[in-house]
Amino acid sequence: MGSILLVGYPLLAIVFCAFVASRRRCDLLVLLHALLHSGLGIQAFVQRGSVLEMDDLGLFMYLILSVLYSAIAFYRIGQKEKISIRDYRIHSIFLMIFVMAMDGATMAKDMGLIWIFVEATTISSALLISYSNKKSSLEAAWKYLFICSVGIALAFAGILLLVIAQPSNATLNIANIDYASISPLWLKISFVFILIGFGTKMGLAPLHFWLPDAHSEAPAPISALLSGALLNIALIPILRMDKLMQYSGLGYVAQNLYLFMGFLSVFIATVFILKTKDFKRMLAYSSIENMGLIMIAFGLGTSAYAAGYLHILGHSFVKAAFFLIAGNALSIYQDKNFENLGSLLRINKGSAWLWLIASAMIIGLPPSPLFTSKFMIAAVLISKGHYLYFSLLMLLLAVISWGIFNIGLKICLGESDRRVKLNAWLYLAPAGLLLIAGLIGTFLPVLD
Amino acid sequence: MINLVFILVFPLLFIGIIPKVKAIMVGRKGKPVLQSIRDFVKLLRKDEILSEHSTFISKIAPSLALVCTLVASLFVPFVSTHTLLGFVGDFILFVFLLSLAKGVMALAAMDCGSSFQGMGTSRELSFTAFLEPAFFLIMATLIFSVGSGSMAQIFAQQGILYLNIWDVFAGLFIAVALFIMLLVESARVPFDDPATHLELTMIHEVMVLDFSGFNLALINYTSALKMFIYSSLICHLILPVGSSILWYLILLILIYILVGMLESLVARFRMNRNLELVLVPLSIALLTLAALIAKNMGAW
Amino acid sequence: MLEILIVIFGFSLLWASVTNMLGTVIKILVIQGVILFCITLLKTTQLNWLSFSLIALETLIFKAILIPWFIDDTIKHNQIRREVEASVSNFFSLALMSLIYVFSFVLAASAPVWSLKVFPLEFGIAFATILKGIFIIIANKKLITHLMGYLIMENGIFLLSLSAGTHLPYIVSLGVSLDIMLSVLIAVLFIKRIRSTFNDADSPQTLREE
Amino acid sequence: MSIGILLLILTIIPALWKRSGYFVILWVLGSAFLAFEYMEVLYSRSLQEFIITMSPPVGIVNIALNKLSAFFGVIFSLGLPLGMFYGHYYLKEHPTKDLCSHLFWLGLMGISMHCVLWIRHSLVFLMFWELMSLSSFFCVLNSKKENIQAGLNYLITMQIGAAFLIAGFVLTYLSSGTFDFSGFEDMNPIPMYLILIGFAFKAGVFPFASWLAQAHPVAPSHVSGIMSSMLIKTGFYGILLITSLNRFSLREIAAMTLIFCVSAFWAVSHLLFERNLKRALAFSSVENVGIAGMGLCAGLLGIHAHMPAMALLGFTGVFLHLFFHSIFKAHLFYTSGNIFLATASLDIDEMGALAKRMPYTALMALAGIMAISALPMTNGFISEFTIFKAVFETPDAALITYILPSLLILICLAFIGALGMIAFLRIYAILFLGAPRSSLSKSAKEQKLGNRLPVFFLTLAILITGIFPNIALRFVKPLLRWFDLDMQQFALLQSLSLKITYVYLIIILLSALLLVIRRLCIKEKIGSTWACAYPKVNPRMQSSSLTYIQPLAYFLKPITYKKCTHVKAQSAFPTNIEYHEEHPDALWDFIVKPATKVITRFFALFNRIHNGKTNSYIAWVLAFLVFALIWVVGFK
C-alpha cells in the first residue's frame, strides 16, 4: 500500500505542477512530497516491512534519501532563482521523478528492476544538471548522461551474464539464487561488469571523471541530492551482488577489487583536491574520496561493514549540508574560483561558520561520525596487518584535510565591509543536517 | 662561627696582596695591603650618582648580589670545617646562588643604557655558560671519588688521602680546574685585566662602570669574597684531612701570591681565545670523571 | 539459419571498423536492426510468442527505422562534415577488431561446462560488439560518432540478452529496449541543444582541470 | 564533578551573547567545583568512577579519575579561569571581530581539556583529544587572514599525531581486547612507542615541536598562555600515564633521555637567537618540557636501578616542574600580552626602558624571568634542584650503564639551565632596561589593573611556592605515594626544603637590612650615564638582542642554523651596506618543507589525466574493464 502511495502522489503532483502558476506552489508540492516520503520512511522504520516492502539495506538508503529530500525541499523555499516559471516547473517535475526513481531503486529486489530504476535516475538527473543551461552545465550534463549510460549498459551486460551463470531456473532476485550450482567463472565476469557499471554511477576512481563536472555545475540542492543520495543508491546493487559473492565463496575477489578501487579513489581525490581552484569541484573530489573510503571499508571484510554503513550515513549528511552551504557561498560571490574570494566571515558570518564546521566534519574531526568510522577502518586495516596501507591512507587523508581547510580558510578569512543577508531557510537546512550528523557522531546508533 | 668573622674581614685584606706581589715582581713598592679596605670604607660614605635611564634594579642589585654571595659562602668551609649552614647536596644551592648574584649584576649592568655594559655582560655571561656545568662536573667527580655529602664534608672532612695515588691524581686535577675557575670568576689576568683602562678590553670592570659610592663598595667586596671562596675551596681540597689552621692560612696566601705572579708574568689572551680556554675546567673535570669511572670499572 | 544471421552481424561490425563515411555507419545500424529483428523472430516459440513478437516489432521500428532516420536528420540539419574522423587509421581499427574477436571467443570458449543455454558463437559476437561499440566512442572526437558507438554497443547487449534471455522474464528485455530508446531520444535532444550552443561538431572540452 | 562540568557547558550561553564578563564568572564557578572535586580525589578517595554504556563498537566507557589526572586537573582548574580572566581584559583592549565564536571555542577547549583527563576509554579519549585540537585551532586562528599558514600547520601536525595515537590504541585494543586504559598495563613495545610518539606531538618534544613555535606567536596572548601552560601538559599527562603503567628497559630510558636532551638543546639554541617575544616563550616551553622529561628519565633510571632516592627525587622533580612551569609560563605569556597591548609589537629589539614606563609589569616580569631561569627564591629553582639532586644520587651505584645516562642528564641540565638563564636575562634586559630603542617603547604606558591582576596572582604563586617549597611538596605527596615510591626519602626532602626556606629568609633579611642602611645614609643624585664621559649616548648604541649573545654564538655556531642576507660594499665609497640575520626553525626548513614540496610535486604528476575529452574518459572505463577482467579471470 505504501509503495502505491509513494508512486501515486508524485504523479498527481507532477500533473498539478504542470498547471500551477507561482513558484511557491511548486515548492509546496515538492515539500509535501518530501514530508510524505519521510513520514512513510519513519513508519516503515517503526514497524519493519509493514508499509514498504524493502529489506534493511533498502530502508537504510530510503531513510537517508528522505532526510536529504526534506532538507532540500526546505532549502528550495529560501532560494531566489532568477529563472522563468516554466523552467522552474520543469525543474520541480524532474526533481520529483528523480526522487521517485531513487525510491524505486531502494525498493526493488530484482537486479533487473534496480537496473531500470538506476537508469531512470540517470536520465532524470541529467536534465536537472543542465538546468541553468550555461555552456559548462550543458556540457557537464552531456558528459554525465553519456558516461553513465555507457556504464549502465555495461551493468546490464553484467546482469545478463548473471543469468547465464545460473544453469537451472535463472532468477534475478538475489535472495533466492541457489548458490551451489552457480558457475564461478561466469559469476566473476558478471560481477566485474556490474561493479564497473554501477561503479561509474558511484564515481569510483578510474570511472569518476563525470562526477567533478556534474556536481560542480549542478545547482546546490541538486548536487547535494546527487552526492548525498544518488551515490548511495548506486551502491545498493553492488552491495547485493557482494552478498551473493560472499555466499558463493568468491568474497576475496570482490574485496580485492573494492580495496583497489577504494585506494585509487582516495589517491585521485588527493591529486585533484590539491590542484582544483573551484570550491564546488573540491567538494565533488571529497565525495570521490569518501566513496573510496566506503569501498575500503567494504573491502576489509564483514567486520568493517558497520564502519562502511556509518561512513555512508555520515558522509551523505555532511556532504549534502556542505553542498548547500557552497550554494549559499556561490549565491554571495557568483564566482567559483576560491582564490579571488575572501572574508566570507565578514560578509555573512552564518554561512562562514557553517562552512568551517562542515569542513571540520568532512575531514573526520570528532563531532562527525566520519571520525569513528575512520577509526574503525584503521582498526580493521591494522588488525589485518596492512600497516603500509594504513600509513599511506593516513598520509593521504592528512593531505586532503590540508587541501580542504586551505580552501575553507582562504574563503572565510579576510577583511571586507560588504554585508549580505540570506534567507533564513538557507541556513536552516544545512545546519539541521550538520546537527543530525553531529548527533549521530556522538551517540553512534546501533547499525545492523 | 669563626668562618663568619673570617668572611667579613679577610677577603678585602687578601685582595690587597695581589697588587703588592705585582709591584714587588716589577721592583716597585706597590700600594699598601690594607689599601683595599680603606677604599672600601671610603666608598661606603660617598654619595651615589645614578644614570637617568636606571630603574629600581640598579638600586637593589649590588646589595642583593652581595647578600647572595655572602649566604653562599656560609656553605663553604673556611677556617673551621663546620659551616654554619649545610645539607646534603647544598653545592647545587651554592652554584645557583652565585649565578643569581651574577644574573642580577648582569641586569643591573644593562640598566644604564650604554653600549659598554652590554658588551661586558655578554662576555661575562658567555663565561658562566661554561663554568656552571664545569662546577657541577667537578662536584660529580669529587662525590664519585669521595662520597656524597654537604660541601663541608666533601671538601673539608674527606680531602685527599695522600697514600692512594688515584685520590692524589683526582684531587690535584680538580684543584687546577678550580684554580682556572677562580681566575675567570674574579676576572684575573689571563681572562680579564682588572688594571686596564681601555673599556673595550674589560669584562668584569666594564659591567660595573656606572656604579659609584656605596654600590661600588658592595661590588668590590662581592668580587673579593668570591675569589676568597674559590681559594678556600682549593686549599681545603689540597690540604690533607685534619691539618691545622696555620697550614690553611699559609696555603691561602700562597694562592694569592700565585695569582699575583701569574698576573705579572702572563699576558692577556685574545678575546675569542679566552672563550676557548674557559672550556678547560670543563674538560679537566670530564677527563678525571671518566678516568675514575674507568678505574671503578676495573679497567686498570 | 540463426548462426548465419549472427555471422552477418559479425561482418557488419568489420565493415563498421573500415568505413570512414557517416552515411555507411547509419546503413550498418539499419542492417544490424534488421538482423536483430530476424533473430528475435527466429527465437519466438509458442511459450512466449506474444512478448517476443512485441519486442521484435519494437526493435524493427526503433532500431531499424526511427533512430537511423533521426541521426540522418540531425546530420543534414547541422551540416556536420560527412566523414568519420577516426583518430586511428582504418588498418589499426581493423587489427583491433580482430583482436577483440580473439579475446571474446577465448572468453566464450573458456567457460568450462557448456551445459548452459548460451552458444559460444552468439556470446562471442555479442561481447565483441560491446567492445567494438566502446572502441568507436574512444576513437572518434565527434559527437555523432559517440552516439553511434553507443548504439552499436546497445545492439551488442541486445544480442546478448536475446542469446541468454530465452528464459528471461520478458519484462526485463522490454525494459531494456525501452530504456535504450529513451536514452537515445534524450541524447538526440541534447545534441540539438549542444549544437545550438557549441558551434563545432566535436564534443565540448571546456571542463578540464587547467 | 557533574555540577562543575554543567557550569562549564553553561558558559556557552554568555559566550554566544558576547558577555565575556559572565563567561569568566561562570568559568571561575565551574572550575571551583571541579578543583574541589580534584582535590578530594587527590587527597582522600582513590578512584571516582561511573560508567556510560554506548553502542557496540564503542562498548562500555568508564569515566574515572586517578591521582595523576587529578593532579593535572587541579592545575587546569586553577590555570584556566585565570586565563579566561586575563582573556576577558585582553579582548577588551584588543577586540577580535567575532567575540562570540572566539569565546565559544575557548570554552570548548577548556571543557575538552578537562574531559581528556577523565575518559578511560581510548576511542572516546581520542574524540575529546581531536576536539581539543580543533577548538584550539580555531582559537589560534582567531579569524585573521595572516594566521592561516600557522593554523593549518598546527592542524595538520595534530592530525598526524592523532594518526599515531589511532595506530597505537588499535594495536593495544587488538592485543588486550578492550578499549579501556587498563589495557595499557605492560603492553608490547610497538604500540607503546606509537602512543608515546602520538603524545609527544602534543607535548612538544624535539622532532614534532615546530608547530609550537608557529602557533603561539600568532595566537592572542591569553590563548597562547593557556595552550603553552596547560594544553602541552595534556601531552605530558599521556606520557606519564604510559610510563606509570609499564616497565621500561634500560635502552628505552637511554633513548628517551637522548630525545629529551636533544629537544631541550634544540629549543635553547633557538631561544637564544629569537627576536619575537612569544616565539621565544614557545621555544622555552619546549625546553622546559625537555627538562621535565629529563627528570622523568632520572626517575625511571632510579626505579630501574632500584635506587629509591633517585626515583623519588626524579619523579618529584617532574611533577614540581610541570606544576611550576604552568605557573611561570602563563605568567610570562600574560606579561608578553600586556607588553603587546602597550607597544603593539612583539619584536624585542624595538623595546627598551619599559621598566620606567610600566614599573609594575617590570617588577612582576623580573619574578617570572627569575623563575624560568631557575634562579633561587623562585619556584623554578626548586624543581631543578630536585632533578639535580636526583642525578647526583647515582655515583654510588657501580654499574656504568646507569652512570652514563645520568651523566648525560647532568651535563645537559647544567648547560640548558645556564643557556636558558642567559637567554631570559637577555630578553629582560633588552625589553625593560636601558634607553627606549624606538618610538613604540617610548609611547608605552602601564596597563589597566585588570590585565595586571592575573600576572600579580601568578607572581605571588611563584614567590610563595618558591620560598616555601613545602607547600608544593605536600601538593605532590599523594601522587608520589600513588607511584609507590618510598616515603621516608620524601621526609628527607621535606626537611631539606625547610632548610632552603631558612636560607631564603636569611637572604631576604640581610638584603632588607642592607637596603635600609643604604636608604638612610646615602643620598642619590640623578646624572647622565657615565659611559666613560662619552657625551651623546643615543639609544641605538645599546647592544641589541643579537650582539648580546654574539660571544656565545661563537661557541654555538655548529648547532645554530642562520640565514643572513648581506649586501657587501661594492665600491670604495659604498652606497648601501645591509646585513640582516634571522634564525628560522631548522627542523621546518630542512625536513617539513622539502617533504611537502616532494608530495605536491608527486601529486602534480597526475594532473593531466582529467583533460575534458569524453572519449578519454570512456577509454579509462574500457581500460579498467579489461584490467579487471584479466585480474578476475586470471586468478583461478
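To keep things simple, chains are lettered A, B, C and D as they appear, and every chain counts its residues starting from 1.
Convention: a contact is a pair of C-beta atoms (placed from the backbone, for glycine too) under 8 Å apart; a residue touches a chain by one contact, two chains touch by 3 or more.
The model shown is predicted, which means the values in this text are computed figures rather than measured ones.
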| request: Count the C-beta pairs in contact for A-D and for B-D, then report the pair with the higher count. | output: B-D
| field | subunit B and subunit C, separation of their C-alpha mean positions in angstrom | value | 102
| request: Report the inter-chain centroid distance for subunit A and subunit D in whole angstrom, where each centroid is the mean of the CA atoms. | output: 44
| If you average the CA atoms of subunit A and of subunit B, how many Å lie between those two points? | 79
| request: For subunit B and subunit D, let me know how many angstrom lie between their CA-based centres, rounded off. | output: 36
| said: Using the touch definition from the top, which residues of subunit C touch two or more other chains? | reply: 107, 110, 134, 137, 146, 203-204, 206-207, 209
| Do you know which subunit D residues sit against two or more other chains? | 607, 610, 614, 618, 621, 625, 629, 633
| Per-residue multi-chain contacts in subunit A, two or more chains | 142-143, 146, 150, 154, 185, 189, 272, 275
| Where do chains touch, given as pairs? | A-C, A-D, B-D, C-D
| query | Can you list the residues on subunit A that touch subunit D in the complex? | reply | 142-143, 146-147, 150-151, 154, 185, 188-189, 191-193, 195-196, 200, 206-207, 209-210, 212, 253, 256-257, 268, 270-272, 274-275, 306-307, 342-343, 345-346, 349, 353, 356, 360, 363, 365-367, 371-372, 375-376, 378-379, 382-383, 390-391, 394, 397-399, 401-402, 405-406, 409-410, 412-415, 443-446
| request: Give every residue of subunit D touching subunit B within the complex, in rising order. | output: 352-353, 355-356, 359, 362-363, 366, 370, 373-377, 381, 384-385, 388-389, 392-393, 395-396, 398, 400, 403, 407, 410-411, 414-415, 417-419, 421-422, 425, 428-430, 432-435, 496, 499-500, 502-503, 506-507, 510-511, 514-515, 518, 521-532, 534, 537, 539, 541-543, 547-552, 554-555
| note | So, in the complex, the side of subunit D touching subunit C is made of residues 607, 610-616, 618-619, 621-622, 625, 629, 633
| remark: Seen from subunit C, its contact residues with subunit D in the complex are 107, 110, 131, 134-135, 137-141, 146, 203-209
| Inside the complex, what are the residues of subunit B that reach subunit D? | 45, 47-53, 55-57, 59-60, 63-64, 66-68, 70-71, 85, 87-89, 92-93, 96-97, 99-100, 103, 106-107, 110-116, 118-119, 121-123, 125-126, 128-130, 132-133, 136-137, 139-140, 143-144, 147-148, 199, 209-210, 212-214, 218, 271-272, 275, 289, 293, 296-297
